[in-house]
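The data blocks that follow each hold one structure.
Two complexes follow with subunit A in common, the first pairing it with subunit B and the second with subunit C.
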Partner chain A sequence: MRIKMIVCVCFVLCFIASWAIGQEVKLGALQDTTGATSDVGKDEALGVREATQYFNDIGGINGKKIRLFQYDYGYRVPEAITTYKRFRDYDKVAMVLGWGTGDTEALSPTVNADKMPYLSSSFSGHLCDPKKTPYNFVYGTDYSTNARGAITYWFEEVWKKDPKWKELRDKGAKPKFVCFIDTASPYATAPIKAIKDQATILGFDIGPDNHVGLTALDTKSQVIAAKGFGANLVWHGNTTMSVSTALKDAYALGLGADHIINNWGFDENLPKLGGPASEGAIGLLGCALFIDEYPAKKRVLDYTKKLNPGVPLENRLIRTVQGWVKVGMAVEAMKRADKAGQLNGPGIKDAFETFKDWPGLKEYGGQLVTLTPTDHRYSSIVRVARVIKGKPQTVAELDMRAKFPDKWAAWLGY
Partner chain B sequence: MSYRPCGVYHQYYKQDHAWWQTKFVWGKMILLLFTVFYIIPQFAGMYLISIANVVGYTILSAIGVQLLIGYCGQVTLGHAAFLAMGAYTCTLLMLQLHIPYPIAMIMGGIVGGLWSVLFGLPSARVKGFYLIMTTMAAQFITVEFFITQYVSQIGGRGVAYSIPPGTVKIGPWMIKSDMDVYYVMVILVILCILVMANLLRSKVGRAWIAIRDNDIAAETMGVNIVFYKLLAFFVAGFFGGVAGAFWTSSLAAVSPEHFHFGWSLWLVGVILIGGVGSIHGIIYGAMFMTLIPEGLKFLIFVLTQNPFFVDLMPFLPLLLEKFLFVKEAAFGLAIVLFLIFEPNGISYRWWQIKNYFNLWPFSY
Partner chain C sequence: MRKLLLIMVMFAFVLGGMIACKPGLLPTEEAGKPKVTLERVEITSIFPWVDLPARTPLGLGFVFNVHNPSGYNIMLDNIKFTVSFEAAPGKFIEIATPTLYDRVYFPPNTTSQYRVVNVSDSAVIRLTLLVAQAPKVQELKLDPAALIKDWYTKIGDFGFGIKVSEGMAVFSTEKGDVFVPFEGTFPKKK
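Let's turn to the complex of A and B:
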């Protein structure tokens, strides 16, 4: 009798355990916390984990707990591939939160063949055309739209108005523009075609690209080359550490140009690393800075303190908030897919494509999100900021679709 | 006793030169082929198959490095450049000229070989550290400059791009799943190792080994060292080009980031761990360098996800990102320990084990 009872209890426990496991939604996350982009990757990884915990605490995916499989691949493409395949075949995740442009673009044919929704931290414009990459999604304004917005802002608000450029303006000179990018990095090169196209539209004189590695510690020769060209504006397409090196060298060598910086190169660390060299630098923001005021700030701070009390708050960055944006967008898509009874790859993809002016990211300083089966660009709004008195501050929001309505459609997947 | 190599005496040169000399070795090799072609594809699961593909790619990449460093004594730190040349050549030939994949792969190998000869030219005059510098130059000139500035402009796709589905096929066989890639990988690894092993026991291989052991003595003996060094660079570059072409097709994408300097260093690590101057060493080194990080990844997931361990040690999930640094350190430590305690590489240990069993039970 006793044995029978033990067997019955075991059976019930197994049933409950299997039911509990069945009520989980598995989420894979590739992170770079040790590699070439770890200067921005570490903080995002913390944000992803804290946000996942928060969403689990408020009920997960319609009552199903999210089980996060987070892994550092050190920005090594082969490791990203084997880890993705582990997520797909071993952990059997519902969707993947990806990281770099190199691995996201490399994995793109595979995720499309596998029908695996892939929300990446790479906002490459190449990933936004569903005809080519139907299962890729981004959680910020794409690099190409951002780059077009940044150069347009500088042209309209700085070149045309700032006394610094009055003399050249009055002479009728064309602004001279160069790019500081890691020419071997898909991330850094992704928006170059678009920004040069925009520079041509605005009538710039475009100089040769200068190769600056993602881990560069010296960029003097590149700065001297840009000075030789007489650059008035420099696009920095790398991450914060490399960008701050270039800004400091430009300052030390008296380049005299203005700087516009891609979103992964512009954060709270830039003024800390660049010092006075970063003053006035223009950058792009995907959401609110960690130090900003935004509706979800209390929640983000609470979970920061709760889960990672050892990381000082003054060291946290916009990347934490980006982690929340990333998980928030994924959770919303999974909730919608689950409600439709389709919590699988195609179901989550379809759910993403039902986003129409979705306001969920506004509380993190993000944009209204609209995704359609023909256009995966997250938003047409470009948020421009400047370093003013050592602090990045939002200075403008440009709606690129409204500004260039006849060109917007042609820019898809650019 | 004829089932084991010990005590086998040959009457003819043909028997003496046979790859598989006894029935025991025949049986062993047939079992290996059966495992590779049937058991692994049937029972391993897709995750392990994808890891096997990375092991195979590492083997293909490291064959040329082993040839140059292990057999010809020409140290190279820029082998990823030749992989990149093969990868871009193969991809562009398929996309621009619609050349079939096998021909594009061979062309990729030839271009990789010729490119390697170009950077091997200094080996006629310099050796040792100076040669290391010239091969490093190959890495940066090729990947950071030539490919990103010029090669990738062909077709206007940018530096990194995907290959449309259906492009990679051999005749009617479309290479699209990991399993297809696995079979291609296995066939390529077998072919490349056969070519390399046969070259090594020919006049060419003996000349390479003579150059490695003492180039001045080799020249005195009548070996044209410039020719054979350049030939070694060509063959190594050819293997590298084939490896690059394989990688591109297996991933259906190409990017300079896949061929960075770290990968060149990694390949040298593969042959150091596996054993310098050993074909087995390439395979064991590739397995070590791929499977150890995968094993550590497995351990991390168990420690941070398993409720039993998490309940026992609640700090484990907090270690997730901190433990990853430990993972890198553990991998580095494994390499260091290996070099201290087994400086001749895994292949030497394998040789010792094999000898022990060949003589067993009368090892004395």
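Let's turn to the complex of A and C:
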């Protein structure tokens, strides 16, 4: 009888062990490696893949292996929607890592109806109000807060202090401001209402928007229009490639304005592509640059070499690190949900909403993360950088909640 | 009854031991690691050229030899690589990065073939040339539209090189995951 018991226990233990080993958590990822934002998307995709492998190597989700399904949708909204349906219906993923603003916002009603946690590379402020989009999350300071921070930084640190603008300041002139954006791109247009609101708060004179396509190779007519208006400051809301084109044209045509750039247009490639035209340009950073020193750098480098040895290190960008930030945040939420026995859509959403000053992203140069059931803004800290001697360097961190305490609540979902 | 059970348990242990002690190289050691090589590129579908911005689809098949020198079954878990077309002699421009998650087993001591089909079109390629690959296009002083048309004209005879680079195949084995980088060019240089 005793032997029978031992044999039975052995079988049960073997079964449990094989079940535990075989368990996996599926994670879907939409990437743009061939489309209009592939100048930044390809590198982010590499980072996502490398980070997932790292987290698998250190135990996955409390012992469950992460199985990543990563697909290029070429920045085409219909393809994103179709791929999402495959994630939901066939791959049965626990959550989705999204990419663009257009597809994330187009999918938002669906993911919220499906109760599918969706962590996106679009930091659109519209995705941060849980009353409207409870299952959408972002892994960087939202575009609207960032844009407000950039224009505020320029106003306080450049317009008020730089000798370049002394004459106009002394005359009591209002700074003149224009936007260079792809007016058909939800990404580029997402923070425009917020930055114009902030420009109004700060007393700027706002000129007409200039359409610059995400694939623009020539922006001379837009620069001439901005020059005609007498712009002192230009907001660039596109990605690196077209931003560098606009900077070069502005330099060549002697626009004379300063430049502030959204986070997907500002990286290690900007000085490479823009040359001297990019010197002094102000941009926003979500985390450490690939070339920076940061606590997790060795890990990031090790996995670039392990998984993508064929990609030259000098071609890697901050986007790789952003991929790590994205996966790191998703893994933490899934671990918490799993610990609570709720590794499902509502469980992962609830887990995200328990983040309170979570320091996990600091080692990648990210911010402390606080998310609540009523506010999905990742942080109120805006990290501002400038191209100095051909290299983007952090120059300030602005806490927009502390700076504008009476307005912060009203800016939710802006 | 008790004796019979004891014999059965011992037999199970012996059998388990025999299975665990398979002969042959381990897939995790250098000599036993799988190797992935590009055998050839095939055109799986092509359509008459229509000037841009209209889309002309292009399907390419990449046939890889997957050699498993180990004494163990290995499972391909995922594979990704970057496809580049030759834009000027010896100068390649990246076109796409196919990634697949097929679970396919390769038996011990065999060489099998695995085909990856990538479907693209002239408008997608143009976008890649205008954005991600724009610095290279500008450096080589090329006109993206003319370059794509030239590729479509010549591809039937493989009149330019097609390169596979940044390749990484991840195999799952009972001894752990194995990462296999690979690259290759077609037509192969004579």
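Everything below uses one rule, namely that the second predicted complex is superposed on the first by the 393 of 414 C-alpha atoms of A that agree within 3 Å, B and C clash if a C-alpha of one lies under 4 Å from a C-alpha of the other, contacts with A are read in each partner's own complex, and residues count from 1 in each chain.
In this section, a residue touches a chain if its C-beta (ideal position, glycine included) is under 8 Å from a C-beta of that chain, and two chains touch if they have at least 3 such contacts.
Here the structure is a predicted model, which means the values were calculated and not measured.
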Quiz item: If subunit A is used to align the two complexes, do subunit B and subunit C fit next to each other or clash?
Solution: clash
Exercise. Scan A:273 for contacts with subunit B and subunit C and give back first, second, both or neither.
Key: second
Quiz item: Touching A:90 in the superposition: subunit B (first), subunit C (second), both, neither?
Solution: first
Quiz item: First (subunit B), second (subunit C), both or neither: which does A:215 touch?
Solution: second
Quiz item: With the two structures laid over each other on chain A, which partner does A:33 touch: subunit B (first), subunit C (second), both, or neither?
Solution: both
Quiz item: When the two structures are overlaid on chain A, which partner does A:174 contact: first (subunit B), second (subunit C), both, or neither?
Solution: neither
Quiz item: subunit B or subunit C: which reaches more residues on subunit A?
Solution: B
Exercise. Kindly classify A:306 by the partners it touches after superposition: subunit B alone (first), subunit C alone (second), both, or neither?
Key: second
Quiz item: What is the contact status of A:108 with respect to subunit B (first) and subunit C (second): first, second, both, or neither?
Solution: first
Quiz item: Thinking of the overlay built on chain A, is A:185 touched by subunit B (first), by subunit C (second), by both, or by neither?
Solution: first
Quiz item: Given the touch rule stated above, what does A:77 touch, subunit B (first), subunit C (second), both, or neither?
Solution: first
Quiz item: Can you tell which stretch of subunit B collides with subunit C among 22-30, 220-228 or 310-318?
Solution: 310-318
Practice problem: Could you give the residue numbers on subunit A that contact subunit B in one complex and subunit C in the other? | Solution: 33-34, 42, 45, 49, 67, 69-72, 74, 307-308
Quiz item: So in the complex, which bits of subunit A are touching subunit B?
Solution: 31, 33-34, 42, 45-46, 49, 67, 69-72, 74, 76-79, 81-83, 85-86, 88-91, 101-102, 105-110, 113, 126, 132, 183-186, 189-190, 192-193, 211, 307-308
Quiz item: Can you name the residues of subunit B that touch subunit A in the complex?
Solution: 45-47, 50-51, 54, 57, 143-145, 147-149, 158-163, 165, 176, 178, 251-253, 255-258, 260, 262, 290, 293-294, 297, 300-301, 305, 318, 320-321, 324-325, 327-328
Quiz prompt | subunit C contact footprint on subunit A (complex, rising order) | solution = 3-4, 6-7, 10, 33-39, 41-42, 45, 49, 67-72, 74, 214-215, 217, 239, 241, 272-273, 306-311
Quiz item: Residues of subunit C touching subunit A in their complex?
Solution: 2, 5-6, 8-9, 78, 80, 82, 95-97, 99, 101, 120, 124, 127-128, 130-132, 134-135, 165-168, 179, 181, 183
